[in-house]
Amino acid sequence: MSQNKIKLGMIGGGSSSFIGLTHRIAATMGENFTLVGGAFERDHNKALDFAKTLGLDLSRCYANIDDFIAGENALPKSNRIEAVVIVTPNFLHYTMAKQLIQAGFHVICEKPVTNTAAQAIELEQLVTKHKVVFALTHTYTGYPMVRQMKTMIAEGMIGDIQKVDAQYYQGWINPVIHDKEKRKSVWRLDPEKAGQSCCMGDIGVHAFNMIEYTTGLKTTKVLSDLSTLYNDNPLDIDGTALLCFENGVRGMVRASQIATGEENNLKIAVYGRKGALKWEQENPNYLYFLQEDKPVQVFKPGHVYNSDFAKESTKMAPGHPEGIFDSMANIYNGAAKAIRAEAYQKGAFPTIHDGVRGMKFIEAVLESTQNGNSWTEIVDEHEDN
Amino acid sequence: MSQNKIKLGMIGGGSSSFIGLTHRIAATMGENFTLVGGAFERDHNKALDFAKTLGLDLSRCYANIDDFIAGENALPKSNRIEAVVIVTPNFLHYTMAKQLIQAGFHVICEKPVTNTAAQAIELEQLVTKHKVVFALTHTYTGYPMVRQMKTMIAEGMIGDIQKVDAQYYQGWINPVIHDKEKRKSVWRLDPEKAGQSCCMGDIGVHAFNMIEYTTGLKTTKVLSDLSTLYNDNPLDIDGTALLCFENGVRGMVRASQIATGEENNLKIAVYGRKGALKWEQENPNYLYFLQEDKPVQVFKPGHVYNSDFAKESTKMAPGHPEGIFDSMANIYNGAAKAIRAEAYQKGAFPTIHDGVRGMKFIEAVLESTQNGNSWTEIVDEHEDN
Amino acid sequence: MSQNKIKLGMIGGGSSSFIGLTHRIAATMGENFTLVGGAFERDHNKALDFAKTLGLDLSRCYANIDDFIAGENALPKSNRIEAVVIVTPNFLHYTMAKQLIQAGFHVICEKPVTNTAAQAIELEQLVTKHKVVFALTHTYTGYPMVRQMKTMIAEGMIGDIQKVDAQYYQGWINPVIHDKEKRKSVWRLDPEKAGQSCCMGDIGVHAFNMIEYTTGLKTTKVLSDLSTLYNDNPLDIDGTALLCFENGVRGMVRASQIATGEENNLKIAVYGRKGALKWEQENPNYLYFLQEDKPVQVFKPGHVYNSDFAKESTKMAPGHPEGIFDSMANIYNGAAKAIRAEAYQKGAFPTIHDGVRGMKFIEAVLESTQNGNSWTEIVDEHEDN
Amino acid sequence: MSQNKIKLGMIGGGSSSFIGLTHRIAATMGENFTLVGGAFERDHNKALDFAKTLGLDLSRCYANIDDFIAGENALPKSNRIEAVVIVTPNFLHYTMAKQLIQAGFHVICEKPVTNTAAQAIELEQLVTKHKVVFALTHTYTGYPMVRQMKTMIAEGMIGDIQKVDAQYYQGWINPVIHDKEKRKSVWRLDPEKAGQSCCMGDIGVHAFNMIEYTTGLKTTKVLSDLSTLYNDNPLDIDGTALLCFENGVRGMVRASQIATGEENNLKIAVYGRKGALKWEQENPNYLYFLQEDKPVQVFKPGHVYNSDFAKESTKMAPGHPEGIFDSMANIYNGAAKAIRAEAYQKGAFPTIHDGVRGMKFIEAVLESTQNGNSWTEIVDEHEDN
């Protein structure tokens, strides 16, 4: 915090946007970013009113992304917005990210990064070419105990991994899915807006990302059984994917949006030769470390016994719970370090390569089910993680 | 308890047998059975010593099952042992059960009931023919909250089922499996003694049984990915089976013996249109009832709000926990009612048909993996459950 | 189990007695005792019917305790009942225990041991004089994790104790207490039957016993605030007692029967200089070990890391929960060792001295409240524990 | 959010201040406040550097509170700071609050509000006189499930209250307290800086506040037993206070800083005739509703079944946990409504009267222990809550 704050712009996220608020909170928590301007919504008068409530200089409130890029680039560099967060509807992520990267802005982008793996690969190449920072808000990776888990596995505390099991169960689509009329009102069930997949694209990919993030393993192939529940529903709303990792280790992603009564029940268990680690998103401040013939150990944030990475990811002393906003803020804080060219922990923020991996996973599980639940490869051309 | 106790015999279960003790405790808890005699171990002198410590009439302590059958049948019917519990090594279950059924004894048998589905089907036919009671100790079905779950599902409290997820994770084989010498000392890894399967045969089948027991659904096909971890290990020690039920509903059985640090982590979640039920074996006195837009409800044993079946399966007032012995005792109490030709709740004890279903499941998951993880049917010729 | 079973008699506990059943289960679980006879209920015909269902020799089913003592003493010693369990209504415990001790029987007695501390002291002297074993079923001390806690504290794993907090909350009296008519139906609210105290006598004393049992500390004085809720209710149904131990350490017993919705929520936390231990009766298979700057450790039964005392108090491998019957059985198993003059762990069964301590505690908390919530001493003339 | 943000000033909270950061996060989360200036630390050059990193207009960064008041009052009203948060060391709260109130600023003040009850009463009178908003950051009252608890009790869902039990256990002072040298380094053990009490003043008062906040009951007298552990330690570091409420209902506050291994284990249980509610700060998103003969219900934030007050206190859909910052932010959001003269829920922020009550509680428990653990009255001259 010894430096000036990074000037942040926002595309989307206007007055009625919940995700915009979330990102503004997360961006400001670490006192690394200050929101300077943006292109908040289609209706420019509403956007201006909104910018006023935020106390922004209205000349930095642009009508659209083109004006945003032109306007900011016309300003002297010292005054110019440096990083831009994209919180528009999903189908716009790709084109907007592409424009911003090419214009030299650092980008923080909501998930899903693109509609296809090919688009994500293209963005990855652009990020490299234009030397910008690209942070993808796989929010759950920001929890201190997830980061503690990643460190413990990397340090060999559970030994060679021999089994991974990740789940993301929700029930929210249950009251909708059985009624064809209600379904029409849900954009996530509309391929035009939601893309190729509903359940795997929205939540299964979080479980997949959590596996690769915490273990460092690369998935080499998947065998999936996705369900749309009804023939006239075009997108998956439930599914299980068996995973095979580079060294033959088995894992799985279990995802559902018809798990009635479940909220955001994302959890992961990683079993190694020497021990195991278990974590659940709804109780994120507890990390369970299992060892043969030893009492189970429960790790909590804020303690000296945690790794540096986990320690820098909590602001509070032990016993004062932090939550999802704090988790996303940790991703912003990691991105800030990269933008300032400071050293940062591996995994301090999910990158465009996480986006590529996620899109490949989604395409592979769709293909596996289409091909009669057969094993489908996921190739990793490129290393970054 | 207004009647005389049922005279019980035991095959196997001698002085050093833990499982024998378990069954004697379970059998006596409900005060429905009294142990009268048996063929406890190969070394007849040791068996006699053991029978003495139990305070048994030594004339009822036989050298082997043939002597047992002959000896008891020579006694007047009023004095004769009525029911026999088989707690010998697994590979003997089938032949002993067959002998006892044919000799007219009621049988309580440890799991697995047989080595093959064909043998189980044969026993099922014999049970019908000889009109005896056959109880298979799928012990976990005796927990009051499992029975509450079964009742609630049967009564439609969660509506039509749309997703089932059952798990049985253990870690005990982890310290053994990586060392070829150590493996040799483990009979469960020896096909001669353990049969066709280790993980699925020993614990996966419990998860499978728990699904069919609580939901009443019949599995019609499975797709499995079983792992032996090492090529020179002949039996599965980890595996996942995707399940498809009669009405197209999806489910899964996840089982592992290399989930380091896990003890007997059997759990089940059943999601229906109207609600969901979740239960875990290691905390068996809590049943979670989830409903859309309502607080989660936690059911506990001993309360008036439980079903009759659950209520009759607990001896204590709420808040005094019962455990695994009480669970097995409930199965004995159910069998006692059947033996006395009293009315009993559906599911009061697992039957030979549960044994048939379990053996078919094991054979199907083995076949699926052998056939490249393809869907494999499970046929149910016969209805009883 | 290498010896013959101990011949057990039972006073009270007839056909409709739940507590009788409980003791029969607990006594037989360890295969150390065999029920031989008793004086089960006032109506001798009913008692005979009941004895028949138990398969007992009807000549050992006596009309009353005098006949029991006379009848058994007339038998040759090798055939005679050796130990007697008293499960009659509370107000009879003292006189029956006295008779049995004087006649040379070992005694297992339900709680409360007597109506007054003076009676308990008298029994203690008789036990010493007649050299019999006397086990008081403070059932909760039989849980393996309570015993593990006792050992860990004794071995200094939490260092010098500096704070103790024990609670026993129930809600069962809430639906009764507000209605004068309903109150009349509850024997626990009748001083004739229940003695001097309801809440502290029935459950507060369990919390007190748990403190002295696990810590080895002696309470030297108490300051209590007991409540009867209504002036025309003669007995306490709620109360808190501040405790002071020999070395000035503070503790407390919190007890209530109007804690609506609570079942048997007994729990204890012991804080020492080096660490802390926490345990709850309703989840008895988890013991929490807290240390400054270290992950919390969760101990579970059946593991090699437990003390010998805890290990011998569980029959099952880890992850198969045992409950309240198993806990009481452990007390019977401890008493069996004492009866057979075998070595046994300190605390293997609660003694008559625990009964003396408990009665003194009850009398002291009553006196403290009567004297305007003033500190009241508890003297310990005698050492045994 | 349809209005301009409230201009906020901060006294204290400079670059190295954790509590300053906490308040800045909480103040900005709801987008109701914007930090405009302050008097951040004694070293004015450091303060200016710090203000720069925050992106503030340096002319609003004052050398001290007097300059702050003079400088802001010299500005036109529309530009002037409207509300000031006090995050200086405790002993300065009173004088600074007094100055700010008298100068017409709304005040948000860290706990403890003053050093004595008399000072708090004086502030209360000034708040009334000057018609300013005064919010005391009893942070835990901002949790949505605490607010849900308050509403449910107010609506009679648990009926008349008959028992209250609140606890706040920490262990942080344990490693310090036994060493006289180490003690000197802890300002909380220095009466000059910490005031009259350590444990009760810092954390016991939170438990007390939680009781009066959630139940609406007024405590009329207390009997306490506080401990300093060592005679040469002047301040309490552990203590229990028995409480008596206006209608004779009993309650208690249990507090400790020597509860080794505890973090911020604040919890509360309120038992009424019809039901009970239980909540724990370390797992703040679960509220347990107990009822006789019904399954326990678990309430979670974000659900439609919650009260309006609870619903407006969460930003996220169910299953995405919020934490302590979100809780404090809710207090800021409540204060913002009051400052804008909008309608707000009773309890939307703790008031100066909560501060008065807390100081009276602290003085009463100190007096009770000094007077030999006798009952000590707490008078409430004034009604506001």
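Assorted remarks:
A, B, C and D are the chain letters, set down in written order, and residue numbers restart from 1 in every chain.
Note that in this section a residue touches a chain if its C-beta (ideal position, glycine included) is under 8 Å from a C-beta of that chain, and two chains touch if they have at least 3 such contacts.
Chain labels with UniProt names: A, B, C, D = Oxidoreductase.
Note that this is a predicted model, so its numbers are computed, not measured.
Set side by side, the interfaces A-C and A-D show unequal numbers of C-beta pairs in contact, with more at A-D.
Chain C and chain D have CA centres that are 43 Å apart.
Separating the centre of chain A from that of chain D, both taken as means of CA atoms, is a distance of 35 Å. Averaged Cα coordinates give chain A a centre that lies 55 Å from the centre of chain C. The residues of chain C that reach two or more other chains are 262, 296, 300, listed in rising order. A complete topology is adopted by the chain contact network, contact being made between every pair of chains.
Touching chain B in their complex are the following residues of chain D: 289, 293-300, 303-305.
Residues of chain D touching chain A in their complex: 1-5, 15, 18, 21-22, 24-25, 28-29, 31, 34, 52-55, 170, 262-265, 281-285, 300, 302, 315-326. Those residues of chain C that touch chain D in the complex are listed here as 158, 162-163, 165, 169, 171, 174-175, 178, 223, 225, 227, 229, 238, 240, 242, 250, 252, 254, 256, 258-262, 269, 271-276, 290-292, 296, 373, 375.
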